[in-house]
């Protein structure tokens, strides 16, 4: 298996929303991207603000851009703010330095896509991202 | 009803894919936008090319921008090519002049969103757009 | 008098809407710009499509950019399409080649601003532009 | 009521200017946006600087983008500067982190638009934003 299918992407979103209901979170947007950073599937829950797509994609796309989760990018941002700032004009989908964007890997550890969520606090967004990836039978980058 | 819910957006996509299977079309991408041009839901079938999101959104978003279907925009493009070309730098989501983008209206005829599809011939894309809107119990702009 | 005041700009819009009611036009958007192309006032009637601001500003701003009405730019577009196309990346507010954008001049014929309207057929848009300028006691470029 | 009408938008602006006169503020620009971030009405008082449109829209549009007032975005900017900086390339209308941009909600708490003001100190701008929303009989997000 070397790419995320639409069926799997939909399963990721369903799993993330199930986790969000369980945690009683605010309305979320969930983005599933392929390894090239192109959107396979996106759903935005009623009441979510207009920027959720850009934020969720900016987490997932930024993770693919740098090869690490958006949580780690957030840590990096505190230490190297000018490096993060330098990415603005060159990273097409943005690089949002906050937890919630996670790379999906195959059995060899190669990236086959990424999932990004935005809507509540970053830590809670990320809990749903991980729950969605697991629900679809996929593997999050360690 | 004055906005498209996520549940309705998902029903639009399911209806469009059902029509596409019936017509044995190539892999499609289906975008459902709110009245402000923001993406509510998006699904891209396996094998669809990387630009389907931009094309489908450019049809739906262009329809909302000008207030008419992307089919009519295509007709206009033949008659007034320089007018269409002038929109490139000022229309944020693009204006793709090809059938497949249709405005969804409420009971008063006001736009509450739009649906755009890209993947096969424009006429076939549009057939799926209209089938999806109908399947969700929504109304296409006349 | 060397600039359009806010009071005059509001009078332009009121005059344009009065003319539109008289002509029973579709919902319009009316933009009044200063000589530098910056928006003094804007009103969009209920039901107008999302792109009316960009279209109205693109007519008025394009008129200021080239020093002639957007109607004349439309004529030019038919004769010199590649010239028009070349403006896309360099004209910040766009250059929309369709009637409805008119420069406002002072007693010496110097530009003190421009008015742009979009919403119905270009000829009708322009009739409202001229009516609005006259209603405010201002002078349209000959 | 699920959208801000042009009549209401004009009432917001009139109310904001009345408050500004009462407070003897510098010249202001007032922007009223629909839920999708599109400008319904804009007025810039004589003497206001050229960037007031972009600043007022960046406050209101940023509020809609993140779902909170531009005052809260300003607080967030102090705590998480790199997160705010990351929004520059992905937020179409900008995200200006200073008081003066407030979301307008319907009876269910859903966003139906936003108002942004720029021209004087941010706290004073915001006082006019809130006064304008109240004068129009609309409800600011709590």
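When the chains are written out, they are named A, B, C and D in that same order, and each has its own residue count from 1.
Everything below uses one rule, namely that a residue touches a chain if its C-beta (ideal position, glycine included) is under 8 Å from a C-beta of that chain, and two chains touch if they have at least 3 such contacts.
What you are looking at is a predicted structure, and each value in this text was computed from that prediction instead of being measured.
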Higher-contact pair (C-beta pairs counted), A-B versus A-D: A-D
Cα-centroid distance, chain A relative to chain C, in whole angstrom: 44
Chain A and chain B, separation of their C-alpha mean positions in angstrom: 26
Separation of chain A from chain D, taking each centre as the mean of its C-alpha atoms, in whole Å: 30
For chain C, residues that touch 2 or more chains besides their own: 50
Chain-level touch network, classified as line, ring, star, complete or other: other
Contacting chain pairs - touch in the sense defined above: A-B, A-D, B-C, B-D, C-D
For the chain C and chain B complex, residues of the former touching the latter: 47-51, 54-55, 57-58, 62, 74, 77-78, 81, 84-85, 88-89, 91, 93-98
Complex interface listing, chain D residues touching chain A: 35-37, 64-67, 80-83, 85-91, 110-111
Of chain B, residues touching chain D in the complex: 2-3, 34-38, 92
Chain A-touching residues of chain B, taken from the complex the two chains share: 3, 5-6, 9-10, 36, 38-46, 50, 53
